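In the two complexes that follow, chain A is the common piece, with chain B as its partner first and chain C second.
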Partner chain A sequence: MIHDFGIVWSERGLLLSGLMNTMLLSALAGFCALVLGVLLSTVLMQRARLLAQTARVFVDAARCTPFLLFVYFVYYGLPSAGLRFDNWSAGLAALIVYHTAYMGEILRGAWMAQPREPIEAGQAFGYTGLKLFRRIVLPPLALASAPVVGNQIIQIIKDSAFLTIIALPELTNAASSIQSRRYVPFASFIIAMLLYWALCLVVEAGVAAAGRMAQARR
Partner chain B sequence: MNITIPTMPSDNTHALKVVGLSKSFGALHVLDNVSFGVAPGETVCLLGPSGSGKSTLLRCINWLERPDAGRILLNGRQVGISSGGVVMSDSELAAMRMHIGMVFQHFALWPHLTVLQNVMEAPVHVQRRPKDEVLAEAEALLRRVGMYEKRDAFPARLSGGQKQRVGIARALAMKPTLLLFDEPTSALDPELVGEVLAVMRDLAREGMTMVVVTHEMAFAREAASRIVFMDRGVVVETGDPETFFSAPKTERARQFLLRYASGPVPNAEPSSIVPLNPESASIRP
Partner chain C sequence: MSFADILSIFSGALTTLLLSAAGIALGLPVGLGLALLRWARVPVAAPIVALYVSLLRASPLVTLLLLLFYGLPNVGISVGPVTAGVLALAMNTSAFNCEVWRAALMAFPKEQTEAAQSVGMRRGLRFRRIVLPQIVRIGLPGLVNEMTQLIKVTPVLALVGVVDVTRAAVRIGASTYEPLPPLLVAIAIYVPIVYALVSTQRWIERRQARLEAPA
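Here is the complex of A and B:
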């Protein structure tokens, strides 16, 4: 058994590059999905019916689609409609689009739960449009939704493992490759699991910091 | 010494003039042809039973609520409607609202900012005044309302009375020509009402132009230049506080004052008083 871990150690370069790719994919997808999710939440909160309803349909559709199926669709399905991506673009786009729907819905929910009066006070003090949103609406919204957003970023990290099926050389792909070539499934998979766990701990530390900020203001 | 006679002065002597204001929510007429004026330096108290349209009237003055009919003039300039006769754009409305300070029933402080940041926020980011100048003024205002020691605290750590004093400092920091108070003490525990009223009394004495919706009769009697009494969306009676409280002209005002005769009870309503029912009392063993 110790020997098996030795074999995994000898493949550490591959594991490390898989880990880096997972981190890169998750960070990029998390950032983009969050930014787009903020935009999406403003659309979901619009009083203009058509716009809000269209966004609503997108959110519901995304939330009811298994991520694996969505990746298949983007990578294998879209090319027959004339949209061809390499596996990196397809994987990243799938992660971003899919999780934007969740982020938008998370922020919309937190927005609905915000008290109306401070926002109204913003209007009474002369804030409008983007400035009202950026300075008055968004900061308490971000603090209130930080734990759920953190959870969603953890979900993004885990969903990135599905991208192994379109041959993206991320962490799961690396672990899988090591076990199939060197016949050390237990050691390679458990190391990969520990590495995913470590990534999630980093995210949770960030969430905890945001939580402390929110606590002081609650 | 305030020697203005509470008769209708001519137009340009009004800081605020409300003419024929009406507002309905569906079939409910909340405001029906309401008119009154506020001279510079006056404190006008809007009194009336809950649901009489006082808060809606206040919210119509800065167009947080859009009136259906009527005009609001702030120092002779119409609020909400531009000179071309069309409804103001959001940025035009915002520019008007900067001159009208507002203090809210539930304080409405911005929860993510400290006390000092709350006071400085709009002067710096809306009025774009230099930060060091605003800082000095904000600190002076916080001293004045007795909240300087708490300048780095977040609103959530304050009592209701403290929050409301910050709310008043925040409104004053905009240097408004008119200050609106929407039931500023109704959400406070009784023992905290006094500290807020003391600040408001000082402002009235110093000649701040204010419109105050309140249920604090003692405050209205002492600090108001004029009383506007409303019921069911119409102005029933206006007058100087002494006359209004000692010899109201209308039956409705008399009835209203009777309810407060035993002392100032915030938000007291007849429906909230459970009548003694001999039948239900007899069920008890």
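Here is the complex of A and C:
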């Protein structure tokens, strides 16, 4: 068994590049989904009926569809409709589109839960437009939504493992290729799981730090 | 895509449902057992459970499934795709269920256990008659949510060769050279099932909020 871990250690370059790709994918997807999610959340709260309802259908559909099927749909299904992607752009696009729906819904919830009074007070003090948003609206909103956004980023990290099915060289794919060439399944997959765990602990630590900041601001 | 093809996707759906049900049926009591071990602060077991829950909640189901499917035979336990699949689902959901059960246990008012003790109820009876019915009620929305999550990750079983909805759909796509229609059928099977579960969860939450609201 120790010998197996030795074999995995000798393949550490591959595993590390897989980890890097997982981190890169999750970071890119997390950032884009967050930005698009902000836009989506404003659409979800629109008074224009049709627009808000279309966004609502998108959010509900995404939340009811398994991510893996969505990846198959993007990578194998869409080419027959004329949209062709390579595995990187298909994987990244699938992660971003799918998680934008979740981010939009999360941010809408956080927004609705915010008290109105500080905004009215800010207006009374003469804050308007962008300055009102940046100074009064955004700080408590960002701190309040940090934990749920953090959870969603952990979900993105975990969903990125599904992309192994379209041969994207991320962490699970790297572990698979080590196990198939060197036949050390237990060691390679357990190491992969521990690396995912470490990634998630880092995200959780970041969220906890944001939580402490929110406490200190009170 | 012929009628027989659609039928084969539905037979895959039956497999998916059966395996999900097996995963849920195993994951619920195991999760409760784990939660009780942590709640009672059983020495040695409690920290191990905490480690298990933290690791399984943070790692993807795909990786766990591949670990079980390829790794267990490596240590002398032979498993087929179905066994590995159900085991992976059950392990994954048990970790999440454990947290739901534990939260329900933590919220449970201690006075009631003490009152039961004072009228002479033994431990087993106390748990069955006083604690369990109430933590089931508190935990129900969370548990239904975990069931929804479990159903949503079942396509992963296709990866190790279980002929579920996803594998049936992909197989038809490969043979007809038209992958889009069978995939859409597969998605159309999942959406109402997940939607029904999500709606059930919301309904339970609303009902409980109404019951608990002061009249």
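FYI, the second predicted complex is superposed on the first by the 202 of 218 C-alpha atoms of A that agree within 3 Å, B and C clash if a C-alpha of one lies under 4 Å from a C-alpha of the other, contacts with A are read in each partner's own complex, and residues count from 1 in each chain.
By definition in this document, a residue touches a chain if its C-beta (ideal position, glycine included) is under 8 Å from a C-beta of that chain, and two chains touch if they have at least 3 such contacts.
Note that the structure is a prediction, hence the values are computed from the model and not measured.
Visitor: With the two structures laid over each other on chain A, which partner does A:217 touch: chain B (first), chain C (second), both, or neither?
Guide: It touches chain B, and chain C stays clear.
Visitor: Using the superposition on chain A described above, determine whether A:124 touches chain B (first), chain C (second), both, or neither.
Guide: first
Visitor: Using the touch definition from the top, say if A:190 reaches chain B (first), chain C (second), both or neither.
Guide: The second partner, chain C, only.
Visitor: After lining up the shared chain so the two structures overlap, which partner does A:161 touch, if you call chain B first and chain C second: first, second, both or neither?
Guide: Only chain C is touched by A:161; chain B is not.
Visitor: Now for A:209: first (chain B), second (chain C), both, or neither, which partner does it touch?
Guide: neither
Visitor: Output check: A:60 vs chain B and chain C. Expected answer is one of first, second, both, neither. What do you get?
Guide: second
Visitor: Counting residues of chain A in contact, which comes out ahead: chain B or chain C?
Guide: Of chain B and chain C, the partner in contact with more residues of chain A is C.
Visitor: Of all the chain A residues, which ones make contact with chain B and with chain C?
Guide: none
Visitor: How about chain A: which of its residues touch chain B in the complex?
Guide: My answer: residues 115, 117-118, 120-129, 131, 135-136, 139-140, 143, 216-218.
Visitor: Mind listing the chain B positions that touch chain A in their complex?
Guide: 62, 64, 90-91, 93-95, 97-98, 100, 102, 104, 106-112, 121-122, 125-127, 154-156, 170, 174
Visitor: Inside the complex, what are the residues of chain C that reach chain A?
Guide: Result: residues 54-55, 57-64, 66-67, 70-71, 73-75, 151-156, 158-159, 166, 169-170, 173, 178-180, 183-184, 186-187, 190-192, 194-195, 198 of chain C touch chain A.
Visitor: Contact residues on chain A for chain C in the complex?
Guide: Going through chain A, the ones touching chain C are 60-61, 63-70, 72-73, 76-78, 80-81, 154, 157-162, 164-165, 171-172, 175-176, 179, 183-186, 189-190, 192-194, 196-197, 199-201.
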